[in-house]
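Presented sequentially are two complexes of chain A, the first with chain B as partner and the second with chain C.
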Partner chain A sequence: MYVAVKGGEKAIKSSLKLLENKRKETGTKSIEINQIKEQLSFAVDRVINEGSLYDKDLSALAIKQSQGDLVEAIFLLRAYRTTLERYAYSTAIDTSKIIIKRRISASFKDIPGGQILGPTFDYSHRLLDFSLMKEDEINSYENINNQEPKNKEFPSVIDYLNNENLLEQEINNLKDNPFDVTRDPMKFPASRDQWMQILARGDEGFLLGLSYSAIRGFGSKGTHPFVGEIKYGIVDIFISPDELGFEICIGSIEISECQMIDQFEGNKNTPPQFTRGYGLTFGYNERKSMAISIVDRALKSEGYGEEIKFPIQDHEFVLYHADNVEAQGFVTHLKLPHYVDFQGELNLIRKLRNEILQGKKL
Partner chain B sequence: MKTGFNFAYLDEATKRMIRRKILKAVCIPGYQCPFGGREMPLAYGWGTGGIQVTASIIGKEDILKVIDQGADDTTNAVSIKNFFKRVCNIMTTDKTAEASLIQTRHRIPETTLNKDQIIVYQVPQPEPLRKLEPKEKETRKLHAYKEYALMHVKLYEEISQFGSVIKTWAYPVETNNRYITDPTPIPKFDNPKMNNMEALQLFGAGREKRIYAIPPYTKVKSLDFEDHPFEIQTWDECCSICGSTKSYLDEIIINNEGKKNFICSDTDFCKSNLEKNK
Partner chain C sequence: MSKIQRKDWISILSKTETIDLKNCIENINYTKDYKIIYGPNVGSIMIRGRLGGNGDPYNLGEATLTKCVIKLEEGVIGYSYHLGRDKIRAEYAAVLDALMQDNNYYSKLQSMILDLKDKINKKENHIINESNSSKVDFFTLVRGDG
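After this line comes the complex of A and B, so read on.
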């Protein structure tokens, strides 16, 4: 029985024990962190994104500790990252200088540097592979990556449209360090750096649902966005410490990037042109980077003077509700005792009913 | 004892940032100050705001009391108290009179607080107008212009429909003749205790990243109308343990036929009242 009133301390202790036992009770072999990292890499990548900490080992540890509850793993990683010191802000990454693993465009048949399919579930038939039920050691690894891409640089494909001014320009108007959602409270109207951060660490399911709503009809003007380019690969991270005065590379990270092209009818000041939605995530999170790019475009609606009609265009709606650490906390807090408030409601409803039943009213 | 964490978990820079916000909040009673809330190792909605406020003001000499629903031994209160024991290695107490710092969820203790005490409220939703206007951009303006017609109309509508205001908890108050303030989900029974309280009242909303305060001896008025004055809850029953008729009561179902008992929600008050009456 769940008794909130008495014995809280003992109950908590037992509860933690029972939870730990859940993982152990049948005595299976403990999973190694490396196994999670290598063999459940998509889960690991989701957790580094929404946990907003690029550390695949800790992500794997969090997944193990949370017994596969990814929202819980994300929460663990967030609670850890908040204790870390902030040494520096990196300079903006340059995604044209990328060790490319995958790169496609749905807008152009061929692109300089070529389309590179890379590893993807896209054309796998979603049939359960029963051979995995009993897989021996992974030793039959077949290296097929024999064709190194010739290019070392992959400039953004859609920038080619810029030559004709068909595409809105992305202008860097950051004066100082970017807004930091981990240090500063949310501000409205939200700036793009602020919302891009919130989207990058936002809940994948929420963003996927929102972006789906937009392209199904609960979005601007019922236009259909085009994938200008999707990239997945490794980029270098640079910082530029004041005392050095030049940039130094501090490591590299995997990223997924999506550039979405969308229409814009133009207004009094601007002739019709293509607009962009941009999505960037840590690791291999292509689906999420696509969702972000659609949400990003929708959040720009206000700036274009478009009518704000749908949830996805509404800054407060999207940005306040995208974070699953906040969302899961608040939704699950409902299971905390509320009997003081509920007593107030009981008290009231009895009074109201008595008044009515005794004919005072109606 | 070494805890492996900075005293009270938060780093000193964060504590200083929060203290500055608290000072600002004290200077503008009832005004919601945005602050750079941090992620805590406790779920949002479970007291992260209260914990951050407590963590930034707690000192080694403090004696901490934590209650949830008025009780010291509810699971979440125990969990928060254990957290501070672990990261501060400080004294805790169940006795309201002994505590220098009280963190609470949903109740104000029945025992009158004094000028040497601070009470920290956990706040789920700091914005009293949120249910009437979902947008922060708008509610900030409404507060700035002291434009509270929405709230008055809402209360009026309840009276016209039900004969009285039907808000039984989180009943809105006006602080220092200025800001309409959310008293947190305490029962309206507790609202009068906020008025002219000797203790400093601090409010922390972690998820919403807001801090607000009511300084000692500040006027706090529950919103009402002249012909429909504010009233608190009353019971026909008394506490079945200590016999109190003056405390807020919880209803306990004691058998399958739905027979019920009423007991004090404030467990410390109930205990000392029982001892007094012996």
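After this line comes the complex of A and C, so read on.
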């Protein structure tokens, strides 16, 4: 237990000053928010997801303020989020109407619209580029081609399997008010709307580790999932304000989506078929959207009547430990003064030892 | 030229940069006063996805949203809701929404709004064309002698 302490104001003030000084030890140029947004875009996108607030400017600011400690930046964004009045809920995003930046399938080679690599590290050699050590100016890219493209449509790849009923169908229960972790208490077993929200704001490292455990054999079937489709691009966001009485577009955001296909051996009611895991994130966050899709499938295990044996299938284990703001809060609270608490433990151990060393039993 | 629907011009305004919105208002020499009824204020919107991509809605996460409501001297009310935190942009957009509802101003603004739409389309085309430049054909190699 933590017991409150008083005092130390001067030391704290000085400590905050030291922290600020750490950012400017040798007086290098201050990084501009736009530089962070463009040149550290993956960090920015991670922070908007786990901070659960799509605002790339504020994300970049949080990264600057936290001096690159992304978990701290996520904490800052979460704290800011709680100060905002919520105006509306969007119409659910239609990911089939996407302005595509990347789209691949590892299951089907020839897909309408084609496989589009987009900006990816996948085929880079992972060699340090020493030229960046002394890069002076960044010349903006100016090869504009705004002709009408031959194709703008990218139909969902997994619909192929749907045609033969080989793939599990999404069931529409038409729930009006999906679970909202910012307002509703956690409940178990969790519903899928609950876990999908928590996974979207969950720690990327934790989810990546969990999904890795599943495909190494600590998962529902221990089998190899297939990427049905991965997409990254821009989608419009719509709301229907009461005062207008019709739906309007309020701008657009970047998203990453992953459709994962997994086996299912079937049961009394259902013949063998493919099941699906789904991952959706803000921004360009392909690795995390893949991890979410694997965790999503594992959390569905109970619904398929599969045996629950591994951490990734356990709703409480996954959902209570995925949030890095909560996790870091609890782990790092241990460094706060526990003097009274520890004194108690100390007395107890001394007493026990004395009793044993003097040959006395309680 | 068919009339632009309100829904469509609101959508166009939501994707237009501050400077372009400002230019529209300046180009028609609108200098009268308008009354701000609400905002411009920054709040949030909960963005929803669909389970499995096409199932039930769920809460994905929030985004910042700026809302502004204004009233023209003529009595017309204009609204704007914009992702992000640009209050000036939201105010210009609310003014333009009101002006577009007035037939007199509409006729002056129509072609400018269509130009903005064209600009948005071109930007989107550019992104898609860039993406398409990285389209690949994977060859599946047959294993063994087959």
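Rule of thumb we're sticking to: the second predicted complex is superposed on the first by the 337 of 362 C-alpha atoms of A that agree within 3 Å, B and C clash if a C-alpha of one lies under 4 Å from a C-alpha of the other, contacts with A are read in each partner's own complex, and residues count from 1 in each chain.
Keep in mind that, in the parts below, contacts are C-beta pairs under 8 Å (C-beta built on N, C-alpha and C of every residue); 3 or more make two chains touch, one makes a residue touch a chain.
Just so it is clear, the model here is predicted, and its values are computed rather than measured.
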Query: With the two structures laid over each other on chain A, which partner does A:Ser90 touch: chain B (first), chain C (second), both, or neither?
result: second
Query: Is A:Phe188 in contact with chain B, with chain C, with both, or with neither (first, second, both, neither)?
result: first
- request: Name the contact category of A:His338: first (chain B only), second (chain C only), both, or neither.
  value: first
Message: With both structures fitted on chain A, tell me whether chain B or chain C touches more of chain A's residues.
response: C
Message: Is A:Arg287 touching anything from chain B or chain C once the two structures are fitted on A? First, second, both or neither.
response: neither
- prompt: Taking the superposition as given, does A:Arg81 touch the first partner, chain B, the second, chain C, both, or neither?
  reply: both
Query: Now for A:Lys152: first (chain B), second (chain C), both, or neither, which partner does it touch?
result: second
Query: Taking the superposition as given, does A:Gly114 touch the first partner, chain B, the second, chain C, both, or neither?
result: second
Task: Name the contact category of A:Asn347: first (chain B only), second (chain C only), both, or neither.
output: first
- request: Check whether A:Ile239 is in contact with chain B, with chain C, with both or with neither, and answer first, second, both or neither.
  value: second
Query: In the superposed view, which residues of chain A touch chain B and also chain C?
result: 81, 85, 182
Message: Quick check on the complex: what are the chain B residues that touch chain A?
response: 5, 11, 34-41, 43-46, 48, 68-71, 73-79, 82, 105-107, 124, 134-137, 162-163, 166, 168-170, 185-189, 207, 209-210, 233, 235, 248-251, 265
- prompt: For chain A, which residues are in contact with chain C within the complex?
  reply: 48-49, 52-55, 57-58, 81, 84-93, 95, 99-103, 109, 114-118, 144-152, 156, 170-175, 178-182, 192-193, 196-197, 200-201, 233-234, 236-237, 239, 241, 243-244, 246-253, 257, 259, 276, 278, 280, 282
Complex interface listing, chain C residues touching chain A: 6-7, 10-11, 14-15, 41-65, 67, 79, 81-85, 121-132, 134-138, 140
Field: Contact footprint of chain B on chain A as seen in their complex
entry: 4-9, 11-12, 75, 78-79, 81-83, 85, 182-189, 316, 320, 325-326, 328-333, 336-341, 343-348, 352, 355, 360-361
